[in-house]
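Both complexes below contain chain A, partnered by chain B and then by chain C.
Coming up: the complex of A and B.
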């Protein structure tokens, strides 16, 4: 009896100690605990001022035309390259609502990469909603698989803390790093959309899908987070799909009447220039989108896309 | 005399050793887990990892299952979102709802049994009050809206229907523009309205706009940051077709006449800070101010507890006429209250 009482008392003391030490929030991220990773620079030397703007009806045709105008896919994809397509699969919405990257574009781009000699093509994003649903219901998963790409759904182990040099927001913040560290080229693929907070969601905003954690806190400083995302990611190429633009009620839309047929495809190696050009498709200018000037000021690219002497192609037959 | 030391052997000893071994194993496990700490998966207050938070809602329960629209079957489980998690579903648009009194969101998807590409998603926003649901409804109303006879505020577009039912704002969005989907969408809407008792809240403010040249469907309630001014909240606005031009009239009921006056003065300062130019005005509206900005005229005034005005007019006379008409309506309302 005596021993039982003592044992019970020890157990109670252990439970009390466990309760006192319990920390539901977990420890704060610490640089000392895990070293930050550095995202590789995927930009291609000597190709940092390339831009093509194609007008047409069909995404696949416009993409081919744009790449041809820039020297062909072989300018950007070399034999054996492992390529990552960073798409916008943020929402589990059908492709017709243009809230996500269009499946046709994902499929065509995957095929072009393989024909240019890529050894592997991966497609990824860290969506707002459930990843599996987003990739399936948006049609991106099916399109990617059909073309031979592998869809990488985000997993906990894919994230590593990263800090953007010169940034104030992305500091030891979880970033979808594993897919990035394993590839040679990164291509950003995004639709042109209105956005309730930032004014627009295009190429630079698309990198938001590389963030993990409770990233919605950055909505309070939306223009600076977009700036830092653009500082963090140096892609090989960006493709801004303005075939159909979401001109209102973004970024989710929901009605076909939120969309406008704008028949434009912008392909560039300067993501700031791409966004500056794309702004016009939703009735805005670069000046209306503060994050563009902020990114330009940090040397990410130029808002004066005309200075890149873009190749204009009217694809109407 | 030497004391005999009793020894305890057998089951008690083995049990003790087993418990100690378990405790040591737990300690080793915690040590190893902490060594591989990953900030991406540290638990937040909700108890879910960041990846899990974007997935099934923590509040999902059988009780919240929505009845499947006729002819459709469940595609996904219901999801619930609260203020803290709303952006996990609708991203940047969450701010619109949060500023308008958002309480909760319930969503679920349903599909056609024979066509997996044909599906719809139902969004049921609990906005806490009829005025709030009207605010988010009117803020997002599409230009090609076709009125529906579901409720006082209801319309459809090619692929979706949107309506207000008391404190609820609903969106039913289909994966394609299909008449085949319209019927189950409407049936669900009817069933929801019939089975969900609400307090009917008439938006009396809609009747305060002058009727002449009013585009009735344009009446909306801006919950916050009206016209870019953070102090302008709960502002009713309406568009008028004045010949070939369109103009906007607006008003907001404040707590006291003094607050309405002060807000009018503050808004005038806001406009001039962005390059607006004060213009002398002679109107039978006490304290009315006119500002010319971006080649248009704005007239701002207060009437009792109402802060009000008109904007976007290139014709000064039209601006004055509309302002006067609005003033008369507000004055009548003030006289009745």
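Coming up: the complex of A and C.
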């Protein structure tokens, strides 16, 4: 009797479990997607577009001069702001080869942010080479640390799917969202480099380092992906470092003979204008870089940088 | 404090040190990362690594000198390493304890009895060392021809031994004479037969079963990747290693066998334990009964780790100095003492001359058989891309102990244990896999060679790797060459712009260059001009997908294919094309003219004289499965025979 009760209970439990988990349809064809995230707008509200072009040879001085010409760092950084520096740390090469943002610029900028009242400065990028090696070998990690900034190496959990409104390429594509979501200001810091596929790698191309996944498939449509990246990121400020420009063998370089001293630093709130101006440093014009016109057409900025009445400062004394 | 407690503390200490070194084998500047930690120390303490590489290379590399300390201590004290130091042994002891601690004493005594199978480990030791000694043995066999004076001395020496043996009445005159004749005759015959044979190189296979490399390998390639990115967080991206199923199976089997017989691996398999067994023959102190009056209660065998039968004639070569018998004997009979056990002892390992010879010959036969495959010679596998600084294959196989240290330290996780790419001999030796990991082999990295405990990968410096200063003449170290698979490459086979490989090539000048090529784009209907001005063309038919040709990579030409000027398209609707203002039409095309749309492609080519085989191109190639550009070992610096170019 006891046994038959137990047997019946077991059989009933098995049947119940089977019925409960029964799935007559099988799995649906498409998997569920995570909801897309939206990147905040980091541009400074109410600020007219500004640009400064400084000639000189010392990055720190040029940066200070440029920011002063634009009204001081306080124009961009408010008390208590958390600031993210999106550097170019794409390659595990030393700073002298200029394939990455210069460490001196990173530390000076970090210091300026703190002096303007920033509560935290983070430095990030999703490099092409091994991330830890890139940040260490380029000197950016050391520079950031010594200036009090925190380096955020891209962890898998930092990436969230994002869609660019009006874009065709960046649709539910993993973007380095975690650092971006919790900061108040974003500053793009990029060198001027030759880039065989797109013509030149400057500020707008540097946002490529915010993409995750197998992002290289977008090289098939390089000008549109750069355009969409520019549409996606609305920075507070961009700093295009043309102290030394990579004129050949870009964007990796690898030899001092690939570099040319161009002694220019461009600081702007308009990334399209910055790139249009920077193209001239490596002997190109905005017309040679289709992504500039494309970004302009989408209202990201203006290719006619002269229309911003840029402040020219000759830092040579 | 009881001596056993001391032993346990010592075991835990070395296990923690071992685990700690595995964790610290991480590239970086944090205090817990590589920096100056002597992470190879336990490997270096392992005298089997030292001895086997000494036999296979006739050198004792760097820190392997530490092995001497272990050897000397073992000769004086016995197998202390097994019972007090070996981290793998401690694991076995602990698992064995868990499995047996609740069983009856009689059962424990039975589990810890001596078994004749314990001699298997000596066969294994002889087998592995014979494979390592192959090159020396071959040179020795050729002695009559190469250094006849040395051969003469050896013959006289043998003669001397025979005479002494005869005088001591160990041998009869007849046997001695025939033995002497046989030895010299066989030796001479061998030298004549082998004279023309190319010298075989040694095969270092101790890493397969030596517990220290085995444990390192299992931890580095399986256990650490499993716990990494949980509480530990050692690396930024999860680590992957190919072929871990076999490494894992062996590790788990070795651990689980303790459930059947405690310290199964140590007693039956461990070649390092076997070496210590041989070395402990003349130990000054040894375990034994201090007096003869014994109750034969067998309690001394209850927790005997080595299964060395302390109850009767103790087998010194099996005793791992766990000292449990000292504690378990209720009559205080057992002692660690200078005099032999009162019940007698067996000092030599249970290995007959025949077994020794059989094992040695089996090893010679096995290695020779494998070599017929030609892996080191003409049948080399081009997918075998070794880390930068690796020795030529024959020297590499004489040194690599398959410990996985290079795979653990590699910051990009591109070094993997080989399956059969290097033949059975090269199982678990390092091979580069550019699909896995965070990048290719980093141009500015020399971590693997500087960590390798046996210099199978040489400790190169950055100048040598990059071919700078003193190495400018030789150029950078090449580990292979990239080859483009034109059937898979997007610009070559699918009319799609890409050149990610060119962009990421880290050398200057780049080893990948491109040639511009315009390909006509297929349109269902010919595109006929309706009207046109200097930058716009209106077409007769609506057939185009709006903005499809606005990517910046499409151009149009008017009239005869190939003869026209390419003008960049900046926009299109279903029936119109907009041309870039850079190059407007001087005279717009007439109504009825044909327009061809061309895609501008940059098709990649590899410059083999600049390619170092770093594999960054392969890693970045957007053709995600089987890459459209792949690195193989052709033109690798380490093997001149694999050269690809007439001038290097």
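As a convention for this text, the second predicted complex is superposed on the first by the 284 of 317 C-alpha atoms of A that agree within 3 Å, B and C clash if a C-alpha of one lies under 4 Å from a C-alpha of the other, contacts with A are read in each partner's own complex, and residues count from 1 in each chain.
Simple rule for what comes next: a residue touches a chain if its C-beta (ideal position, glycine included) is under 8 Å from a C-beta of that chain, and two chains touch if they have at least 3 such contacts.
What you see is a predicted model, and the numbers here were worked out from it, not measured in a lab.
When both complexes are superposed on chain A, chain B and chain C end up clashing with one another.
Within the superposed three-chain model, A:224 lies in touch with chain C and out of touch with chain B [touch as defined at top].
Once chain A of one complex is fitted onto chain A of the other, the partner contacts of A:96 are limited to chain B, with no touch recorded for chain C. In the superposed pair of complexes, A:212 makes contact with chain B only, with no contact to chain C. Contacts of A:184 after superposition on the shared chain: neither chain B nor chain C is touched.
In the superposition on chain A, contact is made by A:161 with chain B only, not with chain C.
By the touch criterion stated above, A:287 is placed in contact with chain C alone, chain B being left untouched.
In the superposition on chain A, A:172 contacts chain B only, with no contact to chain C. Shared-chain residue A:61: touches no atom of chain B or chain C. More residues of chain A are touched by B (comparison of chain B with chain C). Overlaying the two complexes on chain A leaves one chain C stretch of 240-248, 366-374 or 600-608 clashing with chain B, which is 600-608.
Within chain A, the residues touching chain B in one complex and chain C in the other are 91-94, 128-131, 133, 137, 154-156, 195-197, 214, 216, 219, 222, 249, 251-252, 254-255, 257-258. Every residue of chain C that touches chain A in the complex is listed here, in rising order: 27-29, 236-238, 411-412, 437-440, 442-445, 490, 496-500, 502-510, 514, 551-553, 568, 570, 580-582, 602, 616, 620-622, 624.
Those residues of chain A that touch chain C in the shared complex are 91-94, 128-133, 136-137, 153-156, 195-197, 214, 216-217, 219-224, 249, 251-255, 257-258, 287, 290-291, 293-294. Contact residues on chain A toward chain B in their complex (touch as defined above): 24-27, 29, 33-34, 90-94, 96-97, 126-131, 133, 137, 154-161, 172-174, 195-198, 201, 212-216, 219, 222, 248-252, 254-258. Against chain A, the residues of chain B that register as touching in their complex are 37-45, 47, 49-51, 53-56, 76, 87-96, 109, 117, 119, 121, 140, 142-145, 157-160, 162, 171, 173, 175-177.
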